[in-house]
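Here come two complexes built around chain A, the first alongside chain B, the second alongside chain C.
Coming up: the complex of A and B.
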């Protein structure tokens, strides 16, 4: 009977082939073609058929391209800000929400998660309105409550990266809260009760019990956070288009501008490969670093 | 009684139809081609509301399609920003549609790449050639060959739109002709908490298209830009052009003339500042004028009647063309060279392009919007237009001198660098000299 219900091996392979083919087509093929075209000069007026091979010229340009490295620095800024803002704040909020004194835990979870379901372009537009220098909510607060002067927030080159980080942090706090909620739910409640009997306060419980016990989940969060922010694009594009000047350029935005606004597909492909390599290096490096740090803590 | 009502209804329908088709109809050319023509453009239905060029373009397409039911016209219509990127991507892939709109700045590189058909002889053979304004062909001409029919309406990219009543209150019966006077007005307006002139450069292109393109001409004169286009010696680093950049920086960063957030907000915000009375004037293009006209006409009759138009005031140390504004046709109808493989198809594409730029189009936009295109439409009957439309027509086509729109020429790779650097300069991070040097480096590398 069971044999009759069990599908044939070839059927299983055929079904499995669909997601594999989709993955290959949407991830592997673009990556390989981007790598291939990164060795070509393919500018406005040239087609895929008339682009010509230039060896590693695009990579030489990339290495000495100050805008690319400034964009990479901005990505790192975003990563650090979002690790602190998204995962750090999410952890703190989860600790509060998990307290016995908190009422309506499900409401916190639902409303906290809600912003992460909104499209990044909408988030960018919402926050552009909040930051708007004449009609924005933030300036209304600064003028009417704090008695300060109106600011052109997104025109401040020195701090614009902080301002474009805020919407990203706001959007994904709830996302990490949900992950951390589920991780904490897996910890045996008797451990918390024992700690409470031993006189541990909330902070001590969070740092010495909760954090070490959900460390694998925190590492996953960290990887997701780094990967997400190394490819940040849409909300920044909507809010500042990378401006003023190159102040809020991130790597994906620079690659997009070079490829499509400047019609330089060859160099744009080299930038894409650069983003891929640097993202892998940052994710790999951070995992190694965390591994070393946690090993130290264990001892 | 019923018969009378029916008769009246039929008569009214007939009158409506006659008035709707008062413009010249498309020519009833016999075409042998019976297949499909792919057409890509950016005159969306949303764009055509209040925009005469887009409305005329869409109307002429519909009339041409109705006149040639055996031809399937497959249209790919995108908003302008998306159009520019998709058409460039399709060009890179060697996959252009049969008929599309060529942006002036792409003419040379696309012509060199064999992506656009040489239309020199075809255009000269057009039955409407005698009525063409041949100056409009310049951005689409390379090494003596013409690659497109300039299309849509000739509109300014730099107009000062101001509220006459507000400026009269500040002591100016007309808009000042010098920046020194505008600075005096700024003292008055800033005292009242009003921006003197609203400007939006958040998209980075506005400072180029809507300001420097005209201000630069006041310093360099037209020969400098012609030389830059022809690569015959002029450079971004030339003293006259650097002076224009310095004056731009001074006006935006050292005076109280412009809104504090000019480098963040877009022209859409700037025109709202003007409409709401938060600014006494704004600088924008014909698209901003069309929007302001539409909104104020419907909502604020008094302000609508006080709309005035002016050219950029003249800087104290500028010596050229004080009455100039940059106007032109930024796009042309171009053909994929593969169209020539089928003579009948080519004939159909030529007929379509001729009608979209010929009397059918120009009479429609002249009669309905008081606008002009490639083909002269004859005298415009102004009696049915409001005084603001007439004033803008006269300002655009009669009372001012013209200069080129910078980014209709050269290369997007150059302008992208220049526009971004100008935004940095206006935020105090680059000097005018550095902007000029970077632009020159991009020009040498990409043009």
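Coming up: the complex of A and C.
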């Protein structure tokens, strides 16, 4: 082995030390401290040195905290809504866009992808103007085009989750479209041609040929979608801040409110650990489930 | 393209019924797609012309275009009033984004290369550690990071956000680089080594130029995530003079909640660098972001 291919230990350490130390400091140190803090009752006015050690009390509270579980439920709601809305709609639109009849594919790509480059805060602000109960665009449309009555969209606690998921879905449809589109471009065109000759219509081709052939990519999209929605925070924070009441809280928002607005760091840390465990469980669990399901399909 | 055109022209003659449904399908498909595409771009237009309206004009009619009454009042208000500190926030975002990206690209390159090529005991453990970094939900770190940074006196500094941004940008960068380096034949480095090139020299003057495409991809992905990042900024920055763009925008909602044209103007101004960048390089940006998502 040549020296240059097997560099000295000191060279490697020199190159790796700073980034690895920084990574450990910002990712793993907080993770451990969160776990440690979660055993304390630590409220506003206290420091970590004056906080009371309370053992697993915070976790007992967490398990029976209905707002936390409601927030978790809302995360799951978002995951399901976005899987259907983002990946489902993206697939349908890509099937349309992929047909020979489409005009202006490049424009659709550029326009459709655009919202996913904008910050979630901006998206939230724009949509809160659209949803506004008095001056909103949606109400303008409902009143002037549909002839209906104005509604307080984001003030409707029964349906608020549906309304806040619309901007989230809309923002990333184009993103998933581009991913699916590049997967379809990788399929051999002859397969589609022979399907057409055999008389398969667009729907049959989509379901029986395209879908199975891009399954790996669809699964990547699914994972991205689940991971993305478990950490939903910015746009909901700007649109409703969790309201009305607690009806649009998600886990991250609840953790933030308890820790910072209510200055309850000890319990906030327990929630943080809860977010960590539940997010990994949902992401890991869905991967296992997908693995099992696709193995079943293969046989 | 020409192939597609030929195919669409290929319609069996005499099937007028089929021809009619063909055109109906064509119109429907294009309508659906155009409605979607225009909805994606419409907010930009709406904000664009609404920013030329005053609050009472907007409240009276949210949709009309101010052909005759257009005014730049909102722009002069925002840019002329230091209380909005919008320019300041853009400078903060730009500085944080640029430094973060340079360091993310640099570190990803070094670590990705070493993990791909150099055999040492900690190689796989390090790889696994960075892999875990991608899985950790950032919101479970907000409280502890706030406490740790505050106790060390490093929150509320101009460099505060660099650490989380770089650390959370690294994993994906490392994976992209690692995968890319593995696709480069080792013989190149072997030849360089025989010619007497040291490890560092090969790294910087042979491998780095070869890795340029993947490094550009890493940079593209991170530009957007750094410029748009909100959670860490919200928790770690309390000083208004250090606010990044997303944070400054939320202040607009609170303070001037009902002045929507003003709010839209602020959004347009702060979005402008990203929008210009996007429409100039949309092809590379889309390609880069999708490559990152699928491989990462």
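Everything that follows uses one rule, which is that the second predicted complex is superposed on the first by the 274 of 299 C-alpha atoms of A that agree within 3 Å, B and C clash if a C-alpha of one lies under 4 Å from a C-alpha of the other, contacts with A are read in each partner's own complex, and residues count from 1 in each chain.
Methods note: contacts are C-beta pairs under 8 Å (C-beta built on N, C-alpha and C of every residue); 3 or more make two chains touch, one makes a residue touch a chain.
Model, not experiment: these values are computed from the prediction.
**Student:** Quick one: classify A:291 as touching chain B (first), chain C (second), both or neither.
**Tutor:** After superposition on chain A, A:291 lies in contact with neither partner.
**Student:** With the two structures laid over each other on chain A, which partner does A:126 touch: chain B (first), chain C (second), both, or neither?
**Tutor:** So A:126 only meets chain C here.
**Student:** Kindly classify A:234 by the partners it touches after superposition: chain B alone (first), chain C alone (second), both, or neither?
**Tutor:** After superposition on chain A, A:234 lies in contact with chain C alone.
**Student:** For A:262, select first, second, both or neither according to whether it touches chain B, chain C, the two together, or no partner.
**Tutor:** A:262 contacts chain B only, not chain C.
**Student:** So, A:157: does it touch chain B (first), chain C (second), both, or neither?
**Tutor:** The answer is first: A:157 touches chain B but not chain C.
**Student:** Could you tell me if A:148 is touching chain B, chain C, both of them or neither one (first, second, both, neither)?
**Tutor:** A:148 sits against neither chain B nor chain C.
**Student:** Pick one for A:179: touches chain B only (first), chain C only (second), both, or neither.
**Tutor:** A:179 sits against chain C, while chain B stays out of touch.
**Student:** What's your read, chain B or chain C touching more residues of chain A?
**Tutor:** Touching more of chain A: C.
**Student:** Examine A:46 and indicate which partner it touches, taking first as chain B and second as chain C; both and neither are also allowed.
**Tutor:** First partner only.
**Student:** Across the two complexes, find the residues of chain A that touch chain B and also touch chain C.
**Tutor:** After superposing on chain A, chain A residues 48, 132, 134, 260, 265 contact both chain B and chain C.
**Student:** Chain A touches which residues of chain C in the complex?
**Tutor:** 4, 7-8, 22, 25-26, 29-30, 32-34, 36-41, 43-44, 46-47, 58-59, 62-63, 107, 110-111, 114, 117-120, 126, 129-130, 133, 135-148, 151, 163-164, 166-168, 170, 186, 189-190, 192-194, 197-200, 202, 224, 227-228, 230-231, 234-235, 245-246, 249-250, 252-253, 260, 263-264, 267, 270-271, 274, 278-279, 282, 285-286, 289-290, 293-294
**Student:** If we count contacts the way the header does, which residues on chain A are in touch with chain C in the complex?
**Tutor:** Listed in rising order, the residues of chain A that touch chain C are 2-7, 9, 11-12, 15-16, 18-20, 22-31, 33-34, 37, 48, 93, 96-97, 99-104, 107-122, 125-126, 128-130, 132, 134-137, 140, 170, 173-175, 178-179, 182, 217, 220, 224, 230-231, 233-234, 237-238, 251-252, 255-256, 259-260, 265, 268-269, 272-273, 275-276, 279-280, 283.
**Student:** In their complex, what parts of chain A are in touch with chain B?
**Tutor:** 42-50, 132-134, 150, 152-155, 157, 240-247, 257, 260-265
**Student:** Quick one: in the complex, what on chain B touches chain A?
**Tutor:** Interface residues on the chain B side: 85, 88-89, 91-94, 106, 108-113, 115, 202-204, 259-261, 263-265, 269, 273, 278, 411-413, 416-417, 420-421, 423-424, 426-427, 429-430, 446.
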